[in-house]
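Each chain gets a letter, A, B, C and D, in the order it is written, and its residues are counted from 1.
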Amino acid sequence: MRVLLFLGIALMLVGVAWALLAAPTELFQGAPQRIMYVHVPSVVTAYVALLVVFAGSVLFLWRRDPRWDRLARSAAELGVLFISMTLLSGAIWGKAVWGAWWTWDARLTTTLILWFIYIGYLMVRAWAPGARGARAAAIIGIVGVLDIPIIHWSAILLRTLHPQPTVFRVDGPALPPTMLVPLVINMVAFLVVLTALLVLRVRQERTLDALAEALEGGA
Amino acid sequence: MSGGAPERWAVEVRGLVKAFDHRPVLRGVDLRVRAGETLAVLGANGSGKTTLLRLIATLSSPTRGSVTWFGEPSAPLPEIRRRIGLVPHESLLYDALTVEENLKFFGGLYDLAPERVESALDEYGLRPLALRRVRVLSRGQRQQVNLARALLHDPELLILDEPYTGLDVGAADRLTATLRASAARGCTVILTTHDPDGAGALGADVTVMLDGRLTEIMPAAGLDAAILAAWFREGRR
Amino acid sequence: MGYVAAAYIVVAALFAGYAMTLVARQRLIADLSDAAGTRQGRS
Amino acid sequence: MRVVRLLVGKDLRLEWRGREIVSAMGLLALLLAIVLGATRSGPEAAPAAMWVTYAFGATLGFTRTFTLERDHLTALLLAPLDRGLIFAAKALTNWLGLVVVQVISLPLFGALFTETIWTRLPALAIPMLLGGVGLAAVGTLFGGLIVQARLREALLPILMLPVVLPLVIAAVGATTGILDGLPLWAIGAQLQLLLVFDIIFVTASFLLFEYVVEE
């Protein structure tokens, strides 16, 4: 697992270096466009983490096996981490390109609402420890992901209330290969780091549970 | 454990383990109760008696091991619940409602005819209390209403958690009489208590909860000093 | 140009922050295992 | 459904005797309406004020329904009925509580914000009902989840509000349209979202409730 982490970090360094130094400057936005190489991977990684939370929660409710609960718990933490990254890098990018830290763009609003939902998830974990808290968190993990399409839909409705500039379309104009390669490298780097951190966290949780059992059980 | 012919057991518990957040309360309980039998589970407070009862009453699921009711391992739980009555330690009655309203509500839960509630009011001598709010009743009266509630749907298995605590002599005798009557009708009765004399009065068999496991089932008189001593030691620990 | 740097620094800071929580939890595990160790007689 | 009627009947009788929940929710609703009215009381502020009041009224009311039920839940779990029915009955009771709050706060919104509430009432009832059902479904599910948690009263709003935000957005949109005199088809998108939200959350809660109550 150590190898995975170092591989991820190495890849990330390569990706960032490539993005900052070698990649061409985009014509319309200029330098700020380089934030994309961090913003887009963190969005993808965040949603991957949320899917892991969803899968872990469903399997935990169905199988009642603590292993799935630990996976969901760790993935939720990482999900919040990467959503925070997405929101902050997105805000900075927005400020750089058209001077607004926040716009009620459908995707940004969805990500923000998800951030609150999974902060709630972590709070339930903290304030309702034990088996009941785990089940409560699992249900929130499921509801959170089920809610994504609705949130997105309502965010679009919200946008009709707030006229605002057209949002940067990352997937709009096809990215030239010189930009696509560093983006993919960074994407892979983020996902490898996610996996490594996930494995590390699950191992920590397993040890913690085992220790808790040893201390309390006394058997 | 008396082998006996493989007749249907009212309740069969095999290798039952129950842990709450890594803390094992039941460490492998084995128990078989024949239909129509009355069993008293003795044990100190916090020895897991209530946990065992909640498992037998289908209110919680075991961490490991199994509980089989009426010899039907695959029967759906709602069906089993229709044949079980529970008198837990805390009263399940709604204090703001009157005795009659409570019984009508619980009767409705089991889809019983209104006449059943009327007959229960007379059968348990609750007619005079019918219109009084449960909040104003004494513990003995409340126990009587709880008992009526649990027996309303004529369960085949009646489970009581510490029914004798806090009862005056009169109420205790009434309780014993009611339990005897139910047993006579073939109803299996399982109750917990931490007072061995109560079990003796009922003529029930006895088992003791020690360290998360149950001892052999034996007649109440058969309680030998060794087990009682071990049980008191555990109580004080 | 400052914005790009700001964005990358923020991302790096978040990773660092998370790394610190990992380390803190690792220390918690160390303490707990000592406690568990001494309880079972291991010195 | 006989059982649901029975359960709701019991809840309503209990509530009528105690009147704790409805009075607490009602008082909060009136208070919120006044506070919001005092700050920005133009007609355009009415929809937002209404739905903020309903959402917060719901969060307060729903934590209490389960704390009252906690020791009696055992009796319901013992009865030979599908656990989802317990959710359905509890959600229905909560929804009725919310309807009461919506009705008694309406005159205040009419007075403080805009008279058109009364002229557009029949159309206004649609988003109010749809929104109420959604709030009741989510509130009952989450209310049940955190019965044992510490700081329950704080936790429910934190959990519930982000999830119901889409409902509030759509409801405010629909209410604004109606108060501006738009015909119903003009706010079709908002009503559609409310309907889909209700369907998803009523079914999801019905299925997931089994895990809320079992030990």
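Quick note on the criterion: contacts are C-beta pairs under 8 Å (C-beta built on N, C-alpha and C of every residue); 3 or more make two chains touch, one makes a residue touch a chain.
The structure presented is a predicted model; accordingly, all values stated were derived computationally and were not measured.
So, comparing each chain's Cα centre against the centre of all protein Cα atoms, which one is closest?
Here the chain at the core of the arrangement is D.
So how far apart, in whole Å, are subunit C and subunit D when each is placed at the average of its C-alpha atoms?
41
CA centre of subunit A versus CA centre of subunit D: separation in Å?
For subunit A versus subunit D, the centre distance works out to 31 Å.
Between subunit A and subunit C, what's the gap in Å when you average each chain's C-alpha atoms?
Comparing mean C-alpha positions, subunit C is 19 Å from subunit A.
If a residue has to touch 2 or more other chains to count, which residues of subunit D qualify?
215 - these are the residues of subunit D that touch more than one other chain.
Subunit A: which residues touch two or more other chains?
131, 212
Could you list each pair of chains that touch, in label order?
A-B, A-C, A-D, B-D
In the complex, go through subunit D and note every residue touching subunit B.
2-3, 6, 10, 13-14, 17-18, 71-72, 74-82, 214-215
Write out the stretch or stretches of subunit A touching subunit C in their complex.
For subunit A paired with subunit C, touching residues are 16, 20, 31-32, 34-35, 38-39, 42, 81, 84-85, 88-89, 92-93, 95-96, 193, 197, 200-201, 204, 207-208, 211-212, 214-215, 218.
Hey, which residues of subunit B end up touching subunit D in the complex?
Listed in rising order, the residues of subunit B that touch subunit D are 54, 57-61, 78-79, 81-82, 84, 86, 88, 90, 92, 94, 96-97, 101, 105-106, 108-111, 149.
What residues of subunit A sit close enough to touch subunit B in their complex?
The contact residues of subunit A facing subunit B are 129-131, 209, 212-213, 216-217, 219.
Would you pull the subunit D residues touching subunit A in the complex into a rising list?
It is residues 141-142, 145-146, 148-151, 155, 158-159, 161-163, 165-167, 169-170, 173, 189-190, 193, 196-197, 200, 204, 208, 211-212, 215 of subunit D that touch subunit A.
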